Amino acid sequence: MNLQDIIVEAEGGQQMLLNMGPQHPSTHGVIRFLVKADGEVISEAIPVVGYLHRGIEKIAESMPYAGFIPFTDRVDYLAAMFCNHAFVTAVEKLLGLEVPRRAEYLRVIADEMNRIASHLIAVGSMAMDIGAYTPFLHGIREREIINDLTEMLCGGRLTYNYMRIGGVSRDLPDGFLKRLKGFLDRFDPGFINEFNRLIGGNEILVRRCAHVATIGADEAMDMGLAGPNLRASGVSWDLRRDMPYSCYPDLEFDVPVGRGFRGSLGDSYDRFMVRILEMSQSARLLRQAIEKLPDGDIQAKAPRKIKPPAGESYGAVESARGELGFYLVSDGGETPLRLKIRTGSFSAMWAIHRKSAGCMLADLVVLLASADIVAPEIDR
Amino acid sequence: MNVYAQTLMEWLKVPEAYLVYVRIGVFFVYALVALTFGALFAGVTSWYERRVAARMQSRIGPNRVGPQGILQWLCDGVKCFLKEDLVPKEADRPLFRLAPYPVFIGIVSTFVVLPFSATVVGSDLNVGLVYLIAITALVVAGILMAGWSSNSKWTLLGGVRSAAQMVSYEIPLALSLLVVVVPAGTLSLQGLIRFQGGAPWNWLVFQSPMTFVAFFLFFTSALAEGNRTPFDLPEAESELVAGYNTEYSGLRFLFFFFAEWMNLYVIGAIVTAVFLGGWRIPGVAWQRQAGSPLLELVGFALYLAKSLVVVNVIIWLRWTLPRLRIDQLMKMCWKYFVPIGMVSIVLSMLFTALVTAVPLLGRITSIGLLVLGGLIGAALLRRTAYAFSSFPDKPYFKWMV
Amino acid sequence: MGSFGKYFRNIRNSAGSILDGMAVTLSWMFRRPYTIQYPDRIGRPVQDLIAPRFRGLLEVALPLCTGCQLCQRTCPIEVILVEVKKGADGNRYLTRFDIDVSKCMVCGLCAEACPTGAIRHTREFEMSCDDIRKLVLHYVTEPVLPYKPSARIDAAAVPPVGSIVKRLTRDRHAPYVPYVPVEPPSAEAPPTREGKP
Amino acid sequence: MNGEAIYEQLRDRFPDKVSETRGQGPLKCVYVKPEAIEEVLIALRDQETLGFRHLSFISGIDLKEAIEVAYGLISYSLKVLILLKVTLDHENPTVRTVSHIFSAANWHERETFDLFGVKFEGHPDLRRLLLPEDWKGHPLRKDYKEEPFYHEMPTTREPLLGRS
């Protein structure tokens, strides 16, 4: 059945067909839904994705390994550092390269900063979709400080291109750690508390999110959800802890899990709250990483021309949107034979398709925001 | 205004036969003044709201056009004038073109009964409150027309939401006004203001526990009537693109927005007149206020100040709260507001009878409620102090940036 | 009494949560706004506020360029075009160094690869114009002898970071002028060391 | 239990349907007969000691002479990722769908169909996912040639940098 048939069927039936997107204020980026609705109640919301398909996986097949890192930035524009990290992890696994400790710590610092920035947008834009504009800009304000820090670190505010195969591109600049500490001091618990008072505990928000689009644990695993969305459903699974990479084994942190904070387990409010709790854990990780940061090289001795042996590897990191994996197949040449990018938003979008039935139109917006969809990550 | 027509005739020594013409002339002038006031208020408020919102969001806001950007609304207006007045191809053209006017008329017509001071009022109708509720119902018609005629599903949803919401909230709105009407014994706005006193404990809001509840009921319902956050579902940006006015542009769009911001003042003025003592000056009898131009001016300033406080609270709420879902909105109206309103009317009658018998009770209740209001204010202040102490950013009092 | 008490506790908590939010927004009325008034009213050029590592427009300091074309080869998307041609006097001349800013994704790989630091990121970023062809920056306007690593170079001869690209983008609102290819000097024209871009 | 032990267990259970462990590099895989992929996945999912509840990805690989489909599975209890592969005919790659075993596979299979042209039999809704419905060809196949025009829109742009 193609799209035309869906349109004809709905038009001929008793349902209203709403075309939500690709230009719609709450479909962040360009996502389109064909919403079959009876009044305000949705019977099905069919996602039409691909508006941002740039063929990154195809590009990878004609790019040298080192030259592909800037492209990974474009996979997820809100959390580009993780894409960098996952890709270089995949290549390093293939090369069997040992990364210096300092580089690993720098990667974790960059990752966790990026996670806070990404979650700030997620919770802020969720509040915005529910109608409160101010929390979004408060989130943006704090994210701006992180952007300034990453700009100090690697020169980019959105597309970082910070990591290299075997390390990172640059060491910390002067005064970076002091500014980062200053940020952490205001962020946790100051900002998080204030944000919770501003919107997180707000009764209207709770009423809008609690019991909306509840995803149970079994269902979440079945639909392949990952990251905060999965954890909100009560599955304690975090790649940082369970399939450790980088220097996470050295660091201490908790994995926040949804437990039906104000409604039922796995509802939209749980997804909102898990992200807020994760930001605080990220701040904790950052504090430890600053404390333990070792001296040494930031770059392993990688060959100038990277030519991994034939083989396969899967480099996965816990991105802000869950398991972000780069499945790399090399035939021994200068370019990969195949690169598959497995992203969290892709499976979250599928979950949205499944869970949209029975929602109201306003709930679809909440579901979409709470699953923290980033369009380029779906389309790649 | 008839008083002024009379005075003018005596002053100009016009024969009695021309009374009706002079009256028409005076009304015409008054209408112009009121409309200009409303327009200016709507314009300046649109700028003011943006500045306030900006500061709440740690931004600066529009500050380029004129001193501190105060002329920004003029620029926006001129822009809307110059834009093409688009009508969608499949739209119902006459209805589409007509729709902004009922909205506009519905809001502007409230100025007939809205007083400015003791004697400056369009017409002190003895059914003033009924007139207010009736005339603002025109807005629903306009919004529904706009939503329907645009022939877009988003606007239709916005229009239908709006119709459901506004029709429902008319009821708690009217009920909460009735709660006040019971002790005051009048439907005229001026009559209500005269019934109250200048001092807070003489205001109707603190008159009885029921009026205190009715105040919140009325304020919330008025927000819902005026499509303000947290009840801005008809134009919920993140859900319905822009609701009923999605397809509008240029001047017709301007009319909708004009009406929306003028409505801010209307809500503020009604709340002030009915609950917050209107133009009454503490310690001055209303008869004295009606005579002296100076006291009239002071009364007007007080009235405007109180209205502005209410307007500020509305703006403040808008930039703080998220919005409700349509079923929650309906539930709130029919399951909470309407029953509470009805019970309040009955209790209000009983209480009025009781107070007539024991006047001291009324005085004690007023003081008690005033203290309760103060406690709510104190709770807010305490929370604000906590907000300052829990976040490292220091207070900063330079407002002109 | 239990459910009744719960009912009122609910109302109290709801009202409290709304008051909480209102207190936060009120408190921000009395705090310093975070935005700055770009591009004017900040006292100094906005470029100075940006971090030193910021990856802005690329520029080429020709006195340092060896013409090795490493940047051209490193660039993943073929943004850089370098041409070296032999002149009539037997010397190799740098005749072309173009950067297609419209396509550049400011990844910084070229600047990392450059052995002499001739190609580098600036803190300039203002490059909006009305013709995409103007977005190709031509750094070589007359034939230049490439830099020899053995030669000593006066530090003053290398223009400060940002000055070259500033000069190139100054006239970006002027009408488009087609690019005239640079040819290596014929026998009569004497070659110069310092190519003026 | 590491990956190799799991592969061993699979081989014991499906002796003629699961191949030897193959592949070089850090991630090894087993090849499963295309007709057996459903039962193998069900076994992996439902066996208590394994518990592969998470289908991480499905990816096509074009090896020019054949097309492979790789299934990456993660077990929440064993904390390990395994890779299963099926080898399909290059001209007409067809395999049974697994979307009724892992609903997550639904979109992964649609994507693989879109980009590699692998037909998943029994898939409830096998449409193109990322590309427009009237797109010709499957771009991630090595023999894919992009057409110069799509709906009269050129698919390439003249580079601004021309050699003189």
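Going in written order, the chains are labelled A, B, C and D, and every chain counts its residues from 1.
In this text, a contact is a pair of C-beta atoms (placed from the backbone, for glycine too) under 8 Å apart; a residue touches a chain by one contact, two chains touch by 3 or more.
Owing to the predicted nature of the structure, the values given are computational and were not obtained by experimental measurement.
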item: Winner on C-beta contact pairs when A-D is weighed against B-C; value: A-D
item: Closest chain to the centre of mass proxy, which here is the mean CA position; value: A
item: Centroid spacing, where centroids are CA-atom means, of chain B and chain D in whole angstrom; value: 62
item: Separation of mean Cα positions, chain D and chain A [Å, integer]; value: 23
item: Chain centre separation in whole Å, for chain C relative to chain B (CA means); value: 52
item: Length of the line joining the C-alpha centres of chain A and chain B, rounded to whole Å; value: 44
item: Sites on chain C at which at least two other chains make contact; value: 18, 20-21, 23-25, 28, 34
item: Sequence positions of chain B contacting 2 or more other chains; value: 56-59, 319-321, 383, 387, 391, 393
item: Chain contact topology (line, ring, star, complete or other); value: other
item: Chain pairs that touch, as defined at the top of this document; value: A-B, A-C, A-D, B-C, C-D
item: Chain D residues within the chain A interface of the complex; value: 23-27, 29, 53-57, 59-63, 70, 72, 74, 76, 79-81, 83, 102-108, 111, 115, 125, 127-133, 139-140
item: Touch list for chain C against partner chain A, complex; value: 13-14, 17-18, 20-21, 23-25, 28, 34, 50-55, 74-76, 105-109, 112, 121
item: Residue ranges of chain A touching chain C (in the complex, touch as defined); value: 63-64, 66-71, 73, 134, 138, 141, 144, 148, 151-156, 159, 161, 169-170, 173, 194, 197-199, 201-204, 206
item: In the complex, chain C residues that touch chain B; value: 16, 18-35, 37
item: For the chain B and chain A complex, residues of the former touching the latter; value: 53, 56-59, 153-154, 157, 161, 229-230, 232-233, 236-241, 319-328, 383, 387, 390-393
